[in-house]
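Here the chain labels run A, B, C and D in written order, and each chain numbers its own residues starting at 1.
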Amino acid sequence: MPKKFKTPMIIVNFKTYSEATGRNAVELAKKAERVNDETSVYVGVAPQFADIAAVAKAVKIPVFAQHIDPIKPGSFTGHVLAESVKEAGAVGTLINHSERQLKLSDINETIAITREQELLSIVCANDPNVSAAVATLKPDIIAVEPPELIGTGIPVSKAKPEVVTGTVRLVREVNSEVTILCGAGITRGEDVKAALKLGTQGVLVASGIVKAKDPYTVLREFAEAAKK
Amino acid sequence: MPKKFKTPMIIVNFKTYSEATGRNAVELAKKAERVNDETSVYVGVAPQFADIAAVAKAVKIPVFAQHIDPIKPGSFTGHVLAESVKEAGAVGTLINHSERQLKLSDINETIAITREQELLSIVCANDPNVSAAVATLKPDIIAVEPPELIGTGIPVSKAKPEVVTGTVRLVREVNSEVTILCGAGITRGEDVKAALKLGTQGVLVASGIVKAKDPYTVLREFAEAAKK
Amino acid sequence: MPKKFKTPMIIVNFKTYSEATGRNAVELAKKAERVNDETSVYVGVAPQFADIAAVAKAVKIPVFAQHIDPIKPGSFTGHVLAESVKEAGAVGTLINHSERQLKLSDINETIAITREQELLSIVCANDPNVSAAVATLKPDIIAVEPPELIGTGIPVSKAKPEVVTGTVRLVREVNSEVTILCGAGITRGEDVKAALKLGTQGVLVASGIVKAKDPYTVLREFAEAAKK
Amino acid sequence: MPKKFKTPMIIVNFKTYSEATGRNAVELAKKAERVNDETSVYVGVAPQFADIAAVAKAVKIPVFAQHIDPIKPGSFTGHVLAESVKEAGAVGTLINHSERQLKLSDINETIAITREQELLSIVCANDPNVSAAVATLKPDIIAVEPPELIGTGIPVSKAKPEVVTGTVRLVREVNSEVTILCGAGITRGEDVKAALKLGTQGVLVASGIVKAKDPYTVLREFAEAAKK
């Protein structure tokens, strides 16, 4: 898969949830693929490292790593090499998720590595200032998520719309091209629609889909809302 | 594979070397399997997270993760869940390698998780004191490696035999059952033999095998030396 | 002050509380000194790095750093050098507090540095297993504190006596000399008395004293309880 | 001292060098003060935490911490509270030095704390991209230092002038006000002059002064070069 993507975009972060580990990861990815195919909304999934190969073999939608380390091949036991997740089938990676934050110089280096490896970079940020700082490093995609709302079911697009609009404004001052997502607390189609109205090109979601009783139906609802 | 193992033991740490990433990881694991089968020495391999599934499918020898995080299923983006590497085919994991060191309380918690998940724990230590501290936590296996010799080709068993004998002595004062390995700088069969004479039950190796021109031949030499 | 200490012992950790910063640190230390002088219980204080000099000049009781780094003099911007806190007047240091945990090899190295610098080492641990691991490294003092009780006012000696007795038991299996303290949730004299009955030689306290309306009176109560 | 400063500026980072610890820190700061007074170049010093109080009492030039943590008063054993270093006499702080790097969100939060506390912020960066990212966060001062040249005596202004000019160019695209310093390998007056010609307003130095046989003379040479 070439380094291309389209918007609107929904990225499903599998985190380390049981419902999205091993065989469950493959099953969930297939549901995401079905929504991708049925709606033509760009739906990507980010399973755990050890699940990337099985997921990438099972589906044709884009698969992302949840993190890579700012390293080249060498003596880095226990680290995550870009080449490794790529060969397993990933087309990109999350970077600096609030649950796996990096030093600033490492964010910079990791983005450089994604460029060399032709991987898509989705760099997470916790507020508008941090989003703008990230934007100067020219990643492909920025995802702003207020950590205090993650997993709460209180959608950022309603509870803190100023975080989203502030991010869009500050990011655009320094970078006109980067794709902007938002996330945290998104559980319904209307949350997705609100996110797009605030100026984003999509959403980064996790428990809202992974922990849903019927992930396919909820994700389908998200995608329909994103299309309009 | 049940939580059993035998000695002498040779564990090959693939680190993030190109020669042991992706397809190369599978090829190298097959060579290790050949040595395992031909010599009946216990030979295990520790590939990168994203390579565990492919390696575990390709070979019957024990496959180890290089690290797991002290977490239960949940919101831990970019972390390594024991359940995930286990379902991908790992039978155990390295813990606290000098290139991926942990806080003491996290070592304790990670060992507890390996017990719950019936995974073998190989906890690394950099000197005799640290080895003894680890030994009180009752892992299955301890591997002592002086970091300054890692990757040098100067074998710990010759350059710092007192580190190995000191480890054996201090560990045995607090734990009579744990299996003890040593590593760092091991490139020849005689280094392996020396390691066993100093009181260990095997070796943890990386570049000595992974970067060898003919990994099969060198690993076979290691195994032959370990048998005698 | 030579590297000596006596028991029973009460160490007051000032953390980064406003009530124990700057001038407040000096005032609080004077109250601790008064209790020390009046009861002949060993009372030490652990102020912030920048407050060590002023506190050590103002009182004669032992002053501890809250942390030091495992470094020798050199290029370590922003780190805490043993020589520096010692010259400022510290006679020892906390190591591996649950709010400032270290890698295992760094705990080992930091203890070695305290020995070279003739500083007292108080190494914190979160449970009996970790306490035993620490005990093999032969620090002067171990302080076990279940992190979930820190700052709660629920005393470890009542809520989790098995953590204290388990620590005493496991530590004594590998080290007969180390002084053992416990901490977390201690706010009354009877909590201190219970801690000593469970086999410890004193307590490590923080908010119970620092946040008390009348720190002198509460600390005096602690000391009286410790004497009996 | 109000939150003001002038340029050209020379900041001497004392790191954890023996030559700049304890009494030596005070002596060195007095030499820096002499240069400050004689040349009217702004000369600041950044001693270790435990030395701030003694240094700030001994001299009238600006004293900086080498690091502060992104925390408010509370339960943060072993951390560095802005209020604490300020009360000890610091007027500002280094942030994100290459030897004490921070997560991006923590840099953002730490800068916010310096604003609340009216402390000067000097944020370090390792290359032009990272400098630009930092610049969006609006610190008072940015100091770019290629880590590979730190302590080498090979001056950044000669060996990697493009790092300095690139930093000036990228930073100015997003921030017209921030003061820009450079550092690494600076040992002679001509290195300082070159740094200013490349568009900076001063230098951040460490071993070039601290380890000099005659720190006063070298620092005086730096200041004379900066004036012209």
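The working rule: contacts are C-beta pairs under 8 Å (C-beta built on N, C-alpha and C of every residue); 3 or more make two chains touch, one makes a residue touch a chain.
Since the structure is predicted, the reported quantities are computational estimates derived from the model, not experimental observations.
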item	value
Chain copies touching (chain C, chain D) - same or different residues, decided at half shared	same
Centre-to-centre distance between chain D and chain A (centres being mean Cα positions), rounded to whole Å	37
Mean-CA-position distance for chain D and chain B (Å)	44
Inter-chain centre distance, chain C versus chain D - centres from mean C-alpha coordinates, in Å	34
In chain C, residues with contacts to at least two other chains	98
Chain-chain contacts as defined at top	A-B, A-D, B-C, C-D
Chain B-facing residues of chain C, complex	96, 98, 101-105, 107-108, 125-127, 129-130, 132-137, 170, 173-174
In the complex, chain B residues that touch chain A	13, 15-18, 21-23, 46, 48-54, 65-67, 71, 73-81, 83-85, 87-88, 90, 94, 97-100, 150-151, 206-207
